[in-house]
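Pasting the structures in now, so scroll down.
The two complexes that follow have chain A in common; it is paired with chain B in the first and with chain C in the second.
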Partner chain A sequence: MLEYSQDKIEETFFCTAKIMDSIEVPKTALNAERKQYLSTSILKAVIRHTPDDTEKIVGITSVDLFVPVLTFIFGQAQLDGKAAVVSIHRLDQKFYGLPEDVDLLGLRLGKEIVHELGHTYGLVHCVDGNCVMHFSNSIMQVDIKEDKFCETCTREITEKL
Partner chain B sequence: MKEIPQILIVDDELIVRESLVDWLSESGYESVAVDDGYKAIEKVKSKDWDLLLVDLKMPKMDGIEVMRQVKEISKDIPIVIITGYPTVDTAVQAMKEGAYDYIVKPFNPEEINLVIRNILAHQKLVKENLYLRQELKRRYQFKDIVGKSSKMQDILSLLRTVAKSNSTVLINGESGTGKELIARAIHSTSLRAQGPFVAVSCAALPESLLESELFGHEKGAFTGAVSTRKGKFEMADNGTLFLDEVGDMDIRTQADFLRVLEEREFRRLGGSELIKVDVRVLSATNKNLEKLVEKGEFREDLYYRLNVVAMEVPPLRERREDIPLLIEHFVKKYAIENGKTIKFVDGDALDILIKYDWPGNVRELENTIERAIVVVKKHFIGLEELPTLIKDKASTVAKDAEYSDETLSLQDIEKNHIETILEATEWNIKKAADVLEIDRTTLYNKLKKYKLKRPKG
Partner chain C sequence: MKCPYFEEEIVRFCEAYPIRKEIPYDSNISNSLCLDGNYTKCSEFQKVARRASDSKKCPFLKEVVMRYCSAYPVKKGIPFDISDNDYLCKGDNFVKCDEYQKKFKEGEGKMEKLHGDAKYFQPNFWKVCRPRLCPNCPYEGMCVAASKMARDVEFIDGFMLINGFYYYDKHLWFDLGRDDTLRMGLDDFGKKILGEITGIELPEKSKSVDAGEVLLRIICGDRDLKLRSPIAGEVKRTNSKLEKDISLINEDPYEQWMIRFAPADLEENLKGFYYGEEAQKWLERDVDRLRYRVESEVGVTVADGGAFVQTVDKIDESEWENLVKEFLPV
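The block that comes next holds the complex of A and B.
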């Protein structure tokens, strides 16, 4: 799974991607009432663990993420910043009571990683429903969109790379 | 360039404000968050917002009260009430008070996204609708160019010719002669009619504001430039830019303006991006630009740029024969607007209106008729509905002409009126008959009856 994500990042952003050692999810991130983890806390932990020579970093977690105003999020990023975090919790077929599908999970994770990293390059949500930068409200929308940028977003990201 | 929707968030919880601002910026919206209703009201007073997200429970002023006060300032701003403590009562109250929606924190991402998109799409339609209504209303005013006089016929003929070209046109004329109407008529009969018509008055704005008004500015270009704003040049792209009172433009702005006219491209204040536009420029002035050029107050090169085609709109006193037609037109217009049935303007009042010199031109005449229609209680407008000033001045003219209407019979009034119209039309029988709305044979018969003869020389 991680290797697939690594390949996806390298081919999309024309860069070298490295898999780091895992870090602990901060205990303070847990909201016991919601049984979810505050995404912002995890994002801060990822930032704290970012090596100096790193251009961008994305944390991948299995816990269910939330921000206070939303019921859940697939991931979060610093807009025009360095770090992002993505959760596989709701990308997994098992969450929906369906049999495990590793390939599908890898594909979904790849899309969300590219999406969040897109934000770190300053891209905002795209109106093109096929573009990876299109906002996904549900797993269905994650599946509908492609794992690459539309023409407009490609132009924008190329300028930034 | 796409305009970024502006969203104001009002919530006393810092974490809610922060996460909403972050989430909205990821979604491509620009948002500002404040922590109480008083600050929100100040924000609403200071700029236009596309949407307000207002928390229901706040210590200083609750969301419903914020909504009430905001609606008093701007009743059309859509407001969504957000709450972590939903009840049926508060939901019903919020909707009754005019909330666009009522949503519960934490939001389902799909729900909040849909609500915001629907509101913004609706707002876009409302704005478009408002713009189109205003434009439609203005286009109808083309019929406001009323005049059968030879001078107005010449103007309309020139107007039709220049409308087809792309030339700059300089419209000269005293205040109130209808220069903007002429400009609008050129635009609406030109190939650019489907594009925008954007008017800007150079006299109404100080130098610094005029530049920003014409060319726009980037956020932070100067104190008070809180957001990027398009200038009139950009707004008029593929349409027409009408510069009223162009003689009042300061020398520095004239230089910038000339450059844009020549190169058809410019940068917003504080901006680096070169913006290309396709704009036709029409301008108007009541000043003598040639004299301003001689005095060094107006650039000669700009003058020649603007004055490719010159149109002179005559003052009303030089086309008195149009006055009865204009009166008829304004009577109809304002009678409908005020829901009144006004059948005519009586002979005495008409006489005064024709004799008066109208220093404020058509605009003054229009205002006089509008006022008369508002105050009139009969089915016609008589002397008592006319302002004293106009009656006094017009009767001075009448006395000068050794004419007193108090002792005249109906036949004498008719004779005098025909004589006035004939003088005004320079004894052109066809034109006079048209103004009087009688046929030429009838007019000849009346000339015979009243022994009226064309003066010699």
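The block that comes next holds the complex of A and C.
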């Protein structure tokens, strides 16, 4: 699945993507009451582990992420920054009591990675429901949108690449 | 959890009839021969009975509880004693049931029309609802909207908006009366930011207020805040129901107004409010603003996914204060 994400990143952003060694989720990120992990803590850990010659980095985790005001999040990114984090926890069919579907999980992960990296290139949410930069607050919306930028967002991202 | 299509029903049937004949269980039955004391005139009764009982009800009218699956195209009985743990109608097994899945998909379609989140909108959800659980309910007020379809409700990312109301930028709604007064209340977004409201102090009647002046005090557990008036005018009335039972506002913030104003300059006020499509766009923008946060160490970040938390008391004090300052007229 990581290889699939790697391909997705390389073909979308015309770059070379490297799979790095895994890092520990900081213990302090766990919120015992919510049984979820504070996304910002993990994002900070990712930033700490970013090699200097890296343009963008995205951390992929299996733990359930949150920020204080939201019930859960699929991912978080530094707007116009370097790093992002994506969780596969709620991209997995098993989370919804459905049989495992590796292909679907890969597709969803690809979309979320492209979306978060889009934010790191300074892109904000797009009103086009099919665009990968469209905001999704549920898995259904993740499935509805495509894994590509719309025309407007493509123009914007091409300028930044 | 139990399957939402697992239904129980009282079935009435006539024991005198040679084959089991169901009698519809509705209000009309009180006029029927079976219940009004006239059953002795019934031909089926006469065939089998020797004498009438003391009751008005026919002794051959039997009532049994039946369990059935309402997702199945035809009424399909469910046994009372389910010993098989894999039985699809038992406990959580229903999620694996094809009939349930089919109905669930239908529900999703309906939900999309309501602009809601399908996973919160399970079929027949209103059947499991007990009143006044809305602040904790995973259906996020969808039920309030569904049960009051007469209102023109819009859902923006899980936040309810009533079309036909005017909205002030800092999450107050205004409803224009025929007498040119304005009823004011807190919108769904503003209410969710505050969490459970436990008390309110409303201004005196006939008080004149200026725009920006402190208007009322809201208490949320051990947090409290003063809201400032967005408009100038006279307080015509305050909602005394709220002072008696504050929980009403938690249930449905659009049903419970706080103040009725006689505005000093109605036309000017209305110009400053959002209405219709503009209101929807404004709310969309504000919901999106919830996702963008400034954290000193990592700069501005965007968080994707989820809905606004149901219980803000889990948010720490400084985060809550930031939210209130950003989104409410304090």
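By our rule, the second predicted complex is superposed on the first by the 161 of 161 C-alpha atoms of A that agree within 3 Å, B and C clash if a C-alpha of one lies under 4 Å from a C-alpha of the other, contacts with A are read in each partner's own complex, and residues count from 1 in each chain.
In this section, a contact is a pair of C-beta atoms (placed from the backbone, for glycine too) under 8 Å apart; a residue touches a chain by one contact, two chains touch by 3 or more.
These numbers were taken from a predicted model, which means no experiment stands behind them.
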item: Three-chain arrangement built on chain A, chain B and chain C clash or fit; value: clash
item: Contacts of A:137 with chain B and chain C, given as first, second, both or neither; value: both
item: First (chain B), second (chain C), both or neither touched by A:160; value: neither
item: Which of chain B and chain C A:90 touches, first, second, both or neither; value: second
item: First (chain B), second (chain C), both or neither touched by A:81; value: second
item: In the superposition, chain B vs chain C on chain A residues touched; value: C
item: Which of chain B and chain C A:48 touches, first, second, both or neither; value: neither
item: Chain B/chain C common contact set on chain A; value: 34, 40, 66-73, 76-77, 79, 119, 124-125, 135, 137-138
item: Residue ranges of chain C touching chain A (in the complex, touch as defined); value: 92, 95, 108, 117-119, 157-158, 288, 290-293, 295, 297-310, 314-316, 319, 323
item: Touching residues (chain side chain A, partner chain B) in the complex; value: 34, 40, 66-73, 76-77, 79, 119, 124-125, 135, 137-138
item: Residues of chain A that touch chain C when the two form their complex; value: 33-34, 39-40, 43-44, 47, 66-81, 83, 90, 96-97, 112, 115-116, 119, 124-125, 135-140
item: Chain B - residues contacting chain A, complex; value: 13, 15-16, 19-20, 22-23, 25-28, 105-110, 112-114
